[in-house]
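Consider the two complexes below, in which subunit A is the common component and subunit B and subunit C are the respective partners.
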Partner chain A sequence: MFVQLYRIHLNRRSRTLVTVISCLALFAAVFLGAWLYGENGEITNLQLRKLPPSWEQPFGTDWLGRDMFARTLKGLRISLMIGLSAATASAIIALILGLAAATLGKAVDTAVTWLIDVAIATPHLILLILIAFACGGGAKGVIIAVAASHWPVLTRIIRAEVLQLRSSAFIHLSAKLGRGPLWIAWHHMLPHLLPQFVIGLLLMFPHAILHAAALTFLGFGMSPHTPAIGVLLAESMRYLSMGLWWLAVAPGLTLIISVQAFDILGNSLRVLLDPKTCRE
Partner chain B sequence: MPQSLFLKFLLQKSIKLLVLLGAVALLSFFLVSRSPIDPIDAYVGAAILKISPEQREVIADRWGLDKPPAERFFCWAGRLVRGDFGISTIYNEPVLSVIGKRFITSFWLMLLAWSFSGVLGFLLGIAAGAQEESLLDRVIRLYAFTMASTPTFWVGMVLLTIFSIELDWTPICCAWPPGMSAEETCFWQRLHHLLLPALTLSLIGVAQITLHTRGKMIEAMNSEYVIFARAQGDSTLGIVFRHAVRNAALPAITLQFASLGELFGGAVLAEQVFSYPGLGKTTVEAGIRGDVPLLLGIVIFSAIFVFFGNTLADIIYKYIDPRMRRMAGT
Partner chain C sequence: MKRKAHYLKHFTIALLGSAFIMGSMETVYADKESIILAIGGENPEGYDPILGWGSYGNPLFQSTLLKRDADLKIVPDLAVDWSLSEDSLIWTVKIRADVAFSDGSPLTAEDVAFTFNTAASAGGLLDLSNLQKAEAPDDETIIFTLKTPDITFMQHFISLGIVPEKLYGPGYARNPIGSGPYKFVRWDEGQQMIVEANDRYYGDKAKIKKLVFLFSEENAALAAARAGEVDVLGIPSSFANQDIAGMKLHVVKSVDNRGLMFPLVPNTGKKTPDGLAIGNDVTSDPAIRKAVNYAINRQALVDGVLDGYGRPAYGVVDDMPWDNNKIRFHDNDPAKAIEILEKAGWVDANGDGIVEKNGRDAEFVILYNSKDILRQGLALTVSEMLKRVGIKAIPQGESWDRIKKELTHLHVVVYGFGDHSPLEMYKLYHTSGPEPLYWNAGFYSNPVVDGYLDQALLAKTFEDSIPYWQKAQWDGETGFAVSGDAAWAWLVNLDHTYFINKCLDVGQSQMEPHGHGWPITANINQWQWTCN
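Entry: the complex of A and B
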């Protein structure tokens, strides 16, 4: 595999850095491409209808002659934006709940643990549908649904980390030396929590993007006026039986590649940021 | 195994389930009641211009929509306890009978996908974990990681295009041939319609169990008892089947039972792609067309379903593992 090519002169740390930079370059390309080229996807050209992929239209054209490559770029940007904003909101919820559970005493801890149990009691997709329904659908509904349902895992991680930190020897020592709780939180807790939070957030992106796409595909999200990837794929369902396979294949593949890039990015950063593995 | 301990365990679980269901019911009712989608508008659909305000009032009165949300909740919860989930507005049938019928259709799909992905995932995990970093391991790992970031519905659409449209091997939609009812169809026709949706769910479902089993296998292959067996001259194949597989099997079974929630969610997507008339497709319809009683019923049903899976996983973990059993006995 291509990994072997640069194994010769780069150690693991540098290789991970190369991976991180390539993933970031990919996202920059998607956003830049959508900004420069995405609006071309609105142009209908009835002479160029239902064309299979070619050099001029790498992803083919749809039933109105719109360039699928431009539509995919724009759709990918919408899907990524929705996934990213929802995951960020969810991570902030997780941070607040995790900190509250670990520091505000037993009653709050029990309440938060119980809230987690209730949130994971139903299948994830059913909860998403329920919240999207409660918000009346739309892009806002999808973002709220994804944000309100992805926090339990990270909440548990943050709660456990804070509980462990609070009972560790160097924190006790610092308190004995007369440091105030805020000073300890800022100088001793934050450096440990920040990497956990950032990595938890990054590893939440793939789930958030996929779930947002699923909700849109089922019809709970956006209208055809905001052509996210889920909308493109749902529309293509009607044309699959006519043999227009490229309407589904190419947008789906780009979604998979972006989701996987986020996964690789999160896991690479974890290796770089974790003190146990960063020197390997 | 002491029987009284098991009874105590079941009692604890039942109490936990009841408390959990109460919370789920309260939360989902709160969510649904603040939806901006007007249930009457959603119910009458295209006939919205034809009905008079008086007819609206009749519907609102019958559904109890004119009462405050808190009163409606207690009224609804009180009927839930007596086993009355209300009437589905889109099917015009009791919610429980809709769920029952649709769930049986989904059940076969989920069972087929669940068992196939369990067996395949376990075998792939053993093959990958037996020799870490071998070519086979890399290929299987790449597959599992790719599937973990692939949307279920997209896999369904690709399979549909290849096998139903290009090759014409499998039907394009539904659970039985169009124009027939469920009772008229034979077993093979049902299986024929099940194949692609079940394959879709399996291809995705394999990922998690493969990666998990692979991890357990690597752990076992690096353990001291395996090194000892190697020192005695046992072959790799012998070690894998006599020592490592036994240790990887139990966590795999436990995980497979605990993943029923994801299976349920996957079934919603697969059923939507293949227009398979199961509980998943019904969930989407209830959500889109604003069938509140049905949606709430499905939420509660799915919570019981997930709880059932998790409890089974717990029981297997606690009582079937010989090590845990010995500990529980003493």
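Entry: the complex of A and C
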């Protein structure tokens, strides 16, 4: 019924808009919820240990009686924040390197492509672990590791895009009229790159979030009682054999949902921003 | 990189471990004379007593001069007679003449002297620095000359396994030969160890001919036990509340305790010779330490964090013969804690829920080993309990490495101790040297306590030393216990929990020390299979 209503009244563009808004609302809810819970997710309550999900504790409680719903929300917030900041940093690195490679001449281009090849050739998780370890762990280490390892693919895309733009007529004309390369990059290329960049950034979020979760799962990063999703999942492994399934299921599901939401968000935005599809 | 390799290794171990169980099970159950134990205790340094093997728990391959029975009374093992000279500096020990190592060569006084002299010069985990020399005037007599009188030296007679002088060398730790009830057969590192009963053992011969120690991770061991493939399973108490078909729960009392170490000196920027910063301005106030002690609900910790397998700890040597029962007190008393704080000037004037004094909040960090889930639970719940009295304790997980090399003198740390000898108490509470590591990491120093501890060492017999150990805890006026300086907040004594095959009778286990090695095997020659 509901779906049908959509079909009748909304065109694809509006539907996509609704999807985008609901994804954003979901993230807002996570941040708001975690903020509302405040300290509550950390509180141990020895009277309420190992309780399965119920109305009072929708995600159950853990071995120290902490409310898993609050912990999951706070964990999601930590994972989202790490993922967002790392992906943003990564995207900015990609933008700068991509622009530099395509506009600043042969030597810079060679250096940047070489850097991309090196970063892509190193096994991803090992690179992450190496950087996180070198930065001394902690949330800072995880952010730096994810930020410093996710730029290569987007850099390639941006570099290719710029190379293509450079050979187009209006750029040549602009150069003939005496504009410097930086002016051209700023006024002619950046506007064309922006959609690519935003979508690349959004599609990088799920990667970054999953990798941040993987690093915290392996024990790099924060104190083991910090409720990052990876830490929660690692902790739940111990109790699976005791039958406390909800410790793994709830945080795992929410992680999948938020990663999927970002993916949908990215793809929907692509539909909206791409001139070829935006009017469909 | 390293971490990854580590995980890979564990994964491989688990795989190989399960493959091993499946491959060998049928033969194992065909004769009931061999059992499989998954109780951990793989020692990466090997099984060399001189390097510390067996100093907590039972050496198994080697035998000792003396040992403790199930009631912790000292009984002879290799020794038949032992006496201390009038000036308390010379021990004369006679050993039995009929003892052979498992390779057939006789165990003589020379081997004993060799073991002690080598251990004294090795400077490993064992502190035998007080030993001047050990000599063997004949095959059955050893004379130990001490540098200073020390009655606790006897503990080394109980814990140091004797190694054969002729066979001792660099490879010994990985191929130990001794005179204990079992002899070493093979060790596949990271997987399993096989040992067989020693036919040449001079004591009661073990009834179980073969033991297989399985070294696998908790979950793999638990799964193997559920499949009926393990006969003795050591398990954290949080896993003890379950039924495993064919097995019964075996709970062993222990002196394995956990407590909070307080830095006792203020932070004046002083450092140890190795450059570790010292001191904490909050916990150096005795009122804070006492308030913490009174505010904690120890029984709730036992019920909640240990799942009921344990008992509240009030001192470092609870229920040992040298325990002073006057140091017991009523905890879970927030009112009293608040009163103590108020008297000392700690009040919450700004209404933020945390008491303060001279503008300083009652706030400190509780460090725990980030690998240790039990210590994590204690740190978290204790900090919750301290909120009630306006003390802000921030739990923080760190690696052992960082705790030991950077933080141990700066913050409150969840430590675990517990030994069969009061010597540990001496190390924890006697004024320390400049670099105490985890012994007396808080730089506790009380001349009166030092006096009692020194007098205890000087006692003529071990029994004579007991009153001094007790007075060091509390003599009516001072001491390191809560009524005195409250140098630590002891929290809980653990019970060690095992699942044991219903057909296996393991007799009466002795109170176990801090968990390393295989303390449950202390009475292994009484173990027997009761089914057909």
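Everything that follows uses one rule, which is that the second predicted complex is superposed on the first by the 258 of 280 C-alpha atoms of A that agree within 3 Å, B and C clash if a C-alpha of one lies under 4 Å from a C-alpha of the other, contacts with A are read in each partner's own complex, and residues count from 1 in each chain.
Quick note on the criterion: contacts are C-beta pairs under 8 Å (C-beta built on N, C-alpha and C of every residue); 3 or more make two chains touch, one makes a residue touch a chain.
What you are looking at is a predicted structure, and each value in this text was computed from that prediction instead of being measured.
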Subunit B versus subunit C as contact partner of A:214, first or second or both or neither: first
Partner chain in contact with A:118 - subunit B first, subunit C second, else both or neither: first
Partner chain(s) touched by A:63 [first = subunit B, second = subunit C, both, neither]: second
Contacts of A:133 with subunit B and subunit C, given as first, second, both or neither: both
Comparing the two partners subunit B and subunit C, which touches a greater set of residues in subunit A: B
Partner chain in contact with A:206 - subunit B first, subunit C second, else both or neither: first
Subunit B versus subunit C as contact partner of A:44, first or second or both or neither: second
Touching partner for A:225 - first (subunit B), second (subunit C), both, neither: second
Which of subunit B and subunit C A:241 touches, first, second, both or neither: both
Intersection of subunit A interface sets (partners subunit B, subunit C): 125-126, 129-130, 133, 218-220, 237, 240-241
Contact set on subunit A toward subunit B in their complex: 1, 114, 117-118, 120-126, 129-137, 206, 210, 213-214, 217-220, 233, 236-237, 240-241, 243, 245, 248-249, 252, 255-256, 259-260, 263
Subunit A contact footprint on subunit C (complex, rising order): 1-4, 7, 218-219, 222-223, 238-239, 242, 300, 303-305, 370, 373, 376-377, 379-381, 384, 395-398
Subunit B to subunit A touching residues, read off their complex: 20, 23-24, 27-28, 31-32, 34-37, 138, 145-146, 148-154, 157-158, 160-161, 165-166, 172, 261-262, 264-266, 268-269, 272-273, 283-284, 287-288, 290, 295, 298-299, 302-303, 305-307
Interface residues, subunit A side, partner subunit C - complex: 42-44, 46, 49, 63-65, 125-126, 129-130, 133, 218-220, 223-225, 235, 237-238, 240-242
